[in-house]
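Labels for the chains are A, B, C and D, by order of writing; each one numbers its residues from 1.
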Amino acid sequence: MAWLLLLAPLSSAFLVWVALRRHPRASQAVSITASLITFLTALGIALGRIEAPASLAWIDLPGLRVEIGMTLDALARLMLLMVTGVAFLIHVYSLGYMAEDPGRGRFFGELSLFLASMIGIIVATNFVMMYIFWELVGVSSYLLIGFWFEKNSAADAARKAFLANRVGDFGFLLGILTFWATCGTVAFHPEAARALAGNWLAPIVGLLLFCGCVGKSAQIPLHVWLPDAMEGPTPVSALIHAATMVAAGVYMLCRIFFVLELSPEALSVIAWTGGITALVAALIATQQNDIKRVLAYSTMSQLGYMVLAVGCSGTTAAMFHLTTHGFFKALLFMGAGSVLHALHHEQDIWRMGGVGRKMPLTFVTFGIGAAALSGIPGLAGFFSKEEILQVAARSQPVLFWMAAFTAALTAFYMTRITLVAFLGQPRTDVVRHAKESPLVMGLPLIVLAGLAIVAGYPFFGIVRYLGGQEAGENSLLVPAASLTAVILGLVAGAIGYGRASREPIAIPLFQRKFYFDEIYDWTVLKLQEESARLLSWIDQWIIGFVLVRGGAFVVSLGGEVLRLVQAGNLREYAFVFALGAGGLLFLLFGR
Amino acid sequence: MSPLTILLVVEASAIGLILLGAPARRVSLVAAGVNFLLSLWIYAQFPSGIGGWHFVENHSWIALGALPEIRYHVGVDGISLPLVLLTTLVTLAAIWVSPTQIKRAGEFYSYLLLLSLGALGAFVSLDLFFFYAFHEFALIPTFLLIGIWGTENRQFVSLQLTLYLGLGSLVLLAGIIALLGVLPAEARTFDIPRLTEYLRDNPISPRQQLVPFALLAAGFGTLVSLFPFHSWAPFGYASAPAPAAMLHAGVLKKFGLYGLLRIAIPLLPGGAEAWKPWILALLLGNVLFVGLTTIAQKELPAMLGFSSVMHMGYLFLGLMCWNALGVSGVVLLMVAHGLSAALLFAVAGEVRERAGEISFAELGGLARRMPFVAVAFLVGSFASVGVPGLANFPGELLIFFGAWKSQPLITAVVIWGIVISAVYQLRAVRSVFYGDLPQHLAETVDVEGSKRIPYALLMAALLILGIWPGTLLGVVGPGVKEFLSLY
Amino acid sequence: MQEGLWIIGAPEVTLAVGGVLLLLAESVTKLQPRAVGVLVLGVYLIAGLCLLPFAMSGAVLWGGIYTWDRFAVSGKAFFLLTGMLVTYLSLEGEGEVPAARAEFYILPLFCTAGMALLCSVRDFVLLFVALELVTVTLLVLVAYRRSDTASLEAGAKYLIVGGLATAFLVMGIAYLFGATGSTQFDGVARYAEKEGVGPVLILGLAFLLVGLGFKAAAVPFHIWAPDVYQGAPTPITAYLSVGSKAAGFVVLLRVLLLPFWNTDFQRHWVPLIVLMAAFSVVLGNLAALPQRNMKRLLGYSSISHAGFLLIGLASHSFLGFASMLYYLLAYLVATFTAFLVLVLLEREKEGKTITDLSGLVQRSPLLAWSMALAMISLAGLPPLMGFFGKLLVFLAAWESGFHALVMIGVAAAAAGIYYYISVVRAMFWSDPVHQAPIVVHPATQGLLMALNVGSVLFGFYAKPILALAAGAVSGIGG
Amino acid sequence: MGTPTLGHYLVLSGLLFAIGLAGVIARRDLLIMYMCLEIMLNAANLSLVAFSRFTQQVRGEVFVFFVITVAAVEVAVGLALLVSLYRMKRTTKAEEITALKF
């Protein structure tokens, strides 16, 4: 029964790809039912009614045994619930959002493929199985980002996303191989990892595996693809680049935590990467004008929080924040999506304004989401961010203060876009006759808004489900610091953008995204293009021309010379004949 | 009459019929279809779980005092069966994909069948003479196929290819003779199993193995486009007509690897060990040097040519780490690369024919006009980049695992190849099929009707092997285990 | 020593007598030249029939100068076949022989008789006489087209260089006779056995090798070959490249196997043959690369094949000699196919250079494929006879320890592929220069088909030919 | 000095042979070259006769007759050829007849 989790979306994807692409209505139906089936199965598993099935031997050779099976522990069950739930809501939402797009049949097929691979990562029982679905998630994100492949920018963004993921996977695979070489197995057996304890390889394995997370969860330095991934349709951004795929990296870290905890150095590196990413992303988000890009950087920043939490060995805090973040970030993206849908894909917040009056439902739900994200007490974000700050305070004080400052920044940029986009006067006429999105898009917003409010409280039981909080007492300093940060952020936001009609402060460093793109273009791409051109020149001229055809030329030259010996003059022939005879005699008698 | 001989007879008689004037395309399609079904039947009948040779047919061919005995010895084991399947499938696809109206069709199809007959013969024969002779069947037909039906500067390219491969096969001939020469007089035989047994019981001193192995490695290396000897391959495949490129890059290139796997390394382990550092260095050339050169390519067919040379690096790595994982990985990847290369070259042929363009600059947005071809190219690209769920991934994975313990650093560099291949492959997808559609390509027409079946076949094979490698591993695993137990 | 068995010499006698009778008949009655040609074929058949009854018996006749063993029998069969093919070629090339007088058909009879004699030679005198018979008749045939300066020039060159070779040959025989006191092969062998190898004997051997080197067109005595091949009428070029070369090697085999077989001699002539082989293979293949004229190209190719045969000879082992014989037959089949196609083309006043051949496959597939198969077999690519020949020769040489020689042979063969391929390229790739379709007589079509099938079949299943060759070599009696 | 021994004759025939060879190489005219060939043949005859004289073997002389007859045959055919060559090219200089080369 549990196999349904994988089989349903996979078969739906295959069916759509092979047969139903031309019939959007049928492919939508198939895809949504598949998503519903996965949600119900996940529910069944969560309620303990369905056990993990026996595993199949995918590769069984002397020296390597790779199995396809399912681990359904608390971590996996929670993640399954969150992913399948959000996915189902986004499927419903996409019905409305993609209503008039001719290629939507293909869209739903690719959504099912993504869902299957995401579930694959969650239930993976060994590194190779995780790597398999890890790459499949990369492929489906490539397909979904590049859905509107006519747009050059979308096609380039898709390629950039896949390549960044691929670099991360490269490190991930090396990590797996080193783990397998030292511990002899690829399965997630904590006792097998004993071989790594105290071994100088432990930090290397930890960091290599972390590379996979850096690639997938868009941590610095492999984060450049996430903002461009906004080229994809908004449901894609909501599902993949907010709730599930980017979270896979964090989930992976929690899943293989038994390896990371063997090397404190690796953990501190992870923590610092998380902290820096959170800070940098928040800073960039403050200066972005495109609503989806702001949300993208905000996702990057929140992921930095989760990675920070894992770095400070607060896996429960990380998972708690991951779940709550999944709810309200998906809500924010879908809210933004419904605004874009109404404003015919106008994404610049400075050309919006006063949308709240025209689209009340979207405004309210978006507001709840923004509040939850900024960490306003009483909502989900506050509780989960609190946990992370507690964990950070305990082990990395410097990072704690950075995180607190980032919390302020988060509140600041969320108020900024809410005020600029939803309140104030409509700045362009397209806003004037915008009207509320259809109910099929509104419903998921309402459900998620509810979750955003409720999810944080203990009675909802996420933390209890994960097996209780980490040990260690909570210092009072943390709630105080986080509250002040939030208030400061809100106030600064309100002052700055209460009645602003255009961007008051312009900080080019943040606007240009710390010039990461330029740096990459200049170093990685240029280096690669130049070396490729040089090597191809060498291959064409040195190996191809000088060596190969040179050799041929020498041979033909030899032929030419020998040909000229035959000068046609009889006397010369006689001479050569005599010379030959003489040579013969000399050889016979010379020795 | 072992079914393997029937395979050869079917193709030979098809050529005969064509020469007698039968409608070339229909006859060769039927023959290829029959052969494919027959090879599936052989696969089904293949006793899994136990290694060793099956469907064996063995009679004396030439037995004269001084000359080592030549036997018509045909058989298939866990390692050569997948290659036979690959050959019959790619032949069927190649013939089906070739354009219906083509000048001098009779000659065209008979040369294609000769190519496939050569490969089939080489993979089933267990006698060094037949093994070598069958492969050489393909040399002149390739020359004629590229020369007459090729494109761009086909004249020079096909001449260079034929001379280069001619040199390679003659060096190989010298290697085979050197191998036989090293043995004492009474042990000299062309029969591979008997050679293997003999050399297992009384191995020859490593110093004596140096020269024969060097010759064999150079010969097979040239046929497989190992790094410095690769200049013939990329532009040869680029200018060849699609079916010829499919058969040559997809199937015939595997002859060299199969030769190393079956003859060079097992019979001369000392030589292999001695030359190992050299080959490891050269295969890095394949992955990095040729990999980066592929990125700089400006035309689709040339890029595919370079990419198929680059992938040989993985296979050589698998060969060099002589363990169960590596060798099974090599067999799997040989089949997978054959399928993906065939698919990609078929698509390149379609793009050249229907869009009339091959350089990235002029192409773009074809996915809108040719959705089916775009999907085929996407599947082929993802396969060749090693995405899980398609056949190349399990092969590459096994090779990486096999090679990691003995050569971690070199394997790490080779693994970087998966990023390089992603770069150039996706750039091809981006600039040919995505982005905006240039004006002059507005009316390109997609592949329709029965012409889609070969693509579907190749894609299905890639998917099946990718999702469940057990289909082949069930046969390859025991075969390799038993094969390695011999040394 | 059955003295009485005169009848054994029947093949040579039939040929000679037939030739003389035909000459008389031709001068007396006004026979059509084509009819004479057919009669000549008849004479060959009769000679062949005379051969059959004594195929298996072995005997030494006429005071020990003439031996009759399986090697001789197969040699004679080989030369009769060559003779017939040359006559057939001359019949086909009817047009281009001016005032096609019948001698052009009859003279090869005497030449073949000479070659048949050479197969069973056991005495240096008989060797000299038979060799000269062959050389002089060939000289006349080469210069037969008196109206064409090229043919005359070829004749002159063949005359002078041939004369030189004969002089060296006679000098060699003189020294051998002087040193051993006997002109019989076994006499020399017994003397060398008893007295060992003196300087005079070595000198004699050297001079002998010069003479025979000329016949086989091996470097450094190849200098005449390209020009004479180009100048002579095509059937005669074919005869030169197959018949005269085979005669040279048959005699080399006879001479090196009987009188000079003991190890002292071998120590001298084996390195010599190795060097000659290496040079011939290299020069033959390289010098042929830039060639454009077909006959001259085949001339150089014949030099390279002389080199490969010498590699077989250099390995001085049973396998080596057997491979030589097999190689000779493979060379016969391929060369005669090529020349038959050239003769047919010459009838249409073309076929001089490679460009004349362009697009032949579209004009006449049979001719194109026959020429292609011939070229591929000469290049030594499987599955044709040429390949198997090369494989044997290289294997024999490697077993005898000449690894470097095999390497040189392989490299030269690889370089050589180019000019064979450029012929195939011209025929298959480019479009025809001359449009006229070529009409081919059904009998010729049959002959071409037979030669092609033979080349492919015996290349792949070489057992029958190899058995013949091995039988012949094992049959080389005392 | 005494009667000449076998060595003297051999030396003489070697000299003759060398002169003939030099003549073939040095002289430009075909006819002269042809005559030098005959000289070389006669050198061989001389050594043959000398050997058979000193080894009491009659076989050498018999062989000389063969050589002489064959030389005669060759001369007949060779001169016929040179005559027709002269009729065609009006020259017998070796340099002029180099149409077939390279």
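Details
One rule holds for everything that comes next: a contact is a pair of C-beta atoms (placed from the backbone, for glycine too) under 8 Å apart; a residue touches a chain by one contact, two chains touch by 3 or more.
Predicted model only: the values in this text are computed from it and were never measured.
Under the touch definition stated at the top, chain A and chain D share these contacting partners: C.
More C-beta pairs in contact connect the chains of C-D than those of the other pair, out of C-D and A-C.
Among the chains present, the centre nearest to the common Cα mean is that of B. Our note on geometry: chain C versus chain D, Cα centroid distance of 27 Å, whole angstroms.
Averaged C-alpha coordinates give centres for chain A and chain C that are 77 Å from one another.
Each chain gets a centre from the mean of its Cα atoms; for chain B and chain C, those two points are 42 Å apart.
With each centre defined as the average position of its C-alpha atoms, the distance from chain A to chain B rounds to 36 Å. Multi-chain contact residues of chain A, defined as those touching 2 or more other chains: 563, 566, 568, 570, 574, 578.
Multi-chain contact residues of chain B (touching two or more other chains): 163.
Counting partners per residue, chain C has 156-157, 160, 164, 226-227 as the residues that reach two or more other chains. Chains touching one another, given as pairs, are A-B, A-C, A-D, B-C, C-D.
Against chain B, the residues of chain A that register as touching in their complex are 17, 57-64, 128, 131-133, 135-136, 139, 142, 146, 149-150, 152, 154-156, 158-159, 162-163, 166-167, 169-170, 173-174, 177-178, 180-181, 528-529, 531-533, 535-536, 539, 543-544, 547-549, 552.
If you check the complex, the residues on chain B that touch chain C are 61-62, 64-68, 107, 129, 132-134, 136-137, 139-140, 143-144, 147-148, 155, 159, 162-163, 166-167, 169-171, 173-174, 177-178, 180-181, 185, 211. Interface residues of chain C facing chain D in the complex, by the touch rule stated above, are 124-125, 128-129, 132, 136, 139-140, 143, 146-147, 149-150, 152-157, 159-160, 163-164, 166-167, 170-171, 173-175, 177-178, 181-183, 226-227, 230-231. Of all the residues in chain C, the ones that touch chain B in their complex are 317-319, 322, 361, 372, 376, 379-383, 387, 390-392, 394-396, 398-399, 403, 406-407, 410-411, 413-414, 417-418, 421, 424-425, 428-429, 460-463, 466-467, 470. By the touch criterion stated above, chain A contacts chain C in their complex at residues 555-556, 558-560, 562-563, 565-566, 568, 570, 573-574, 576-581, 583-585, 587-589.
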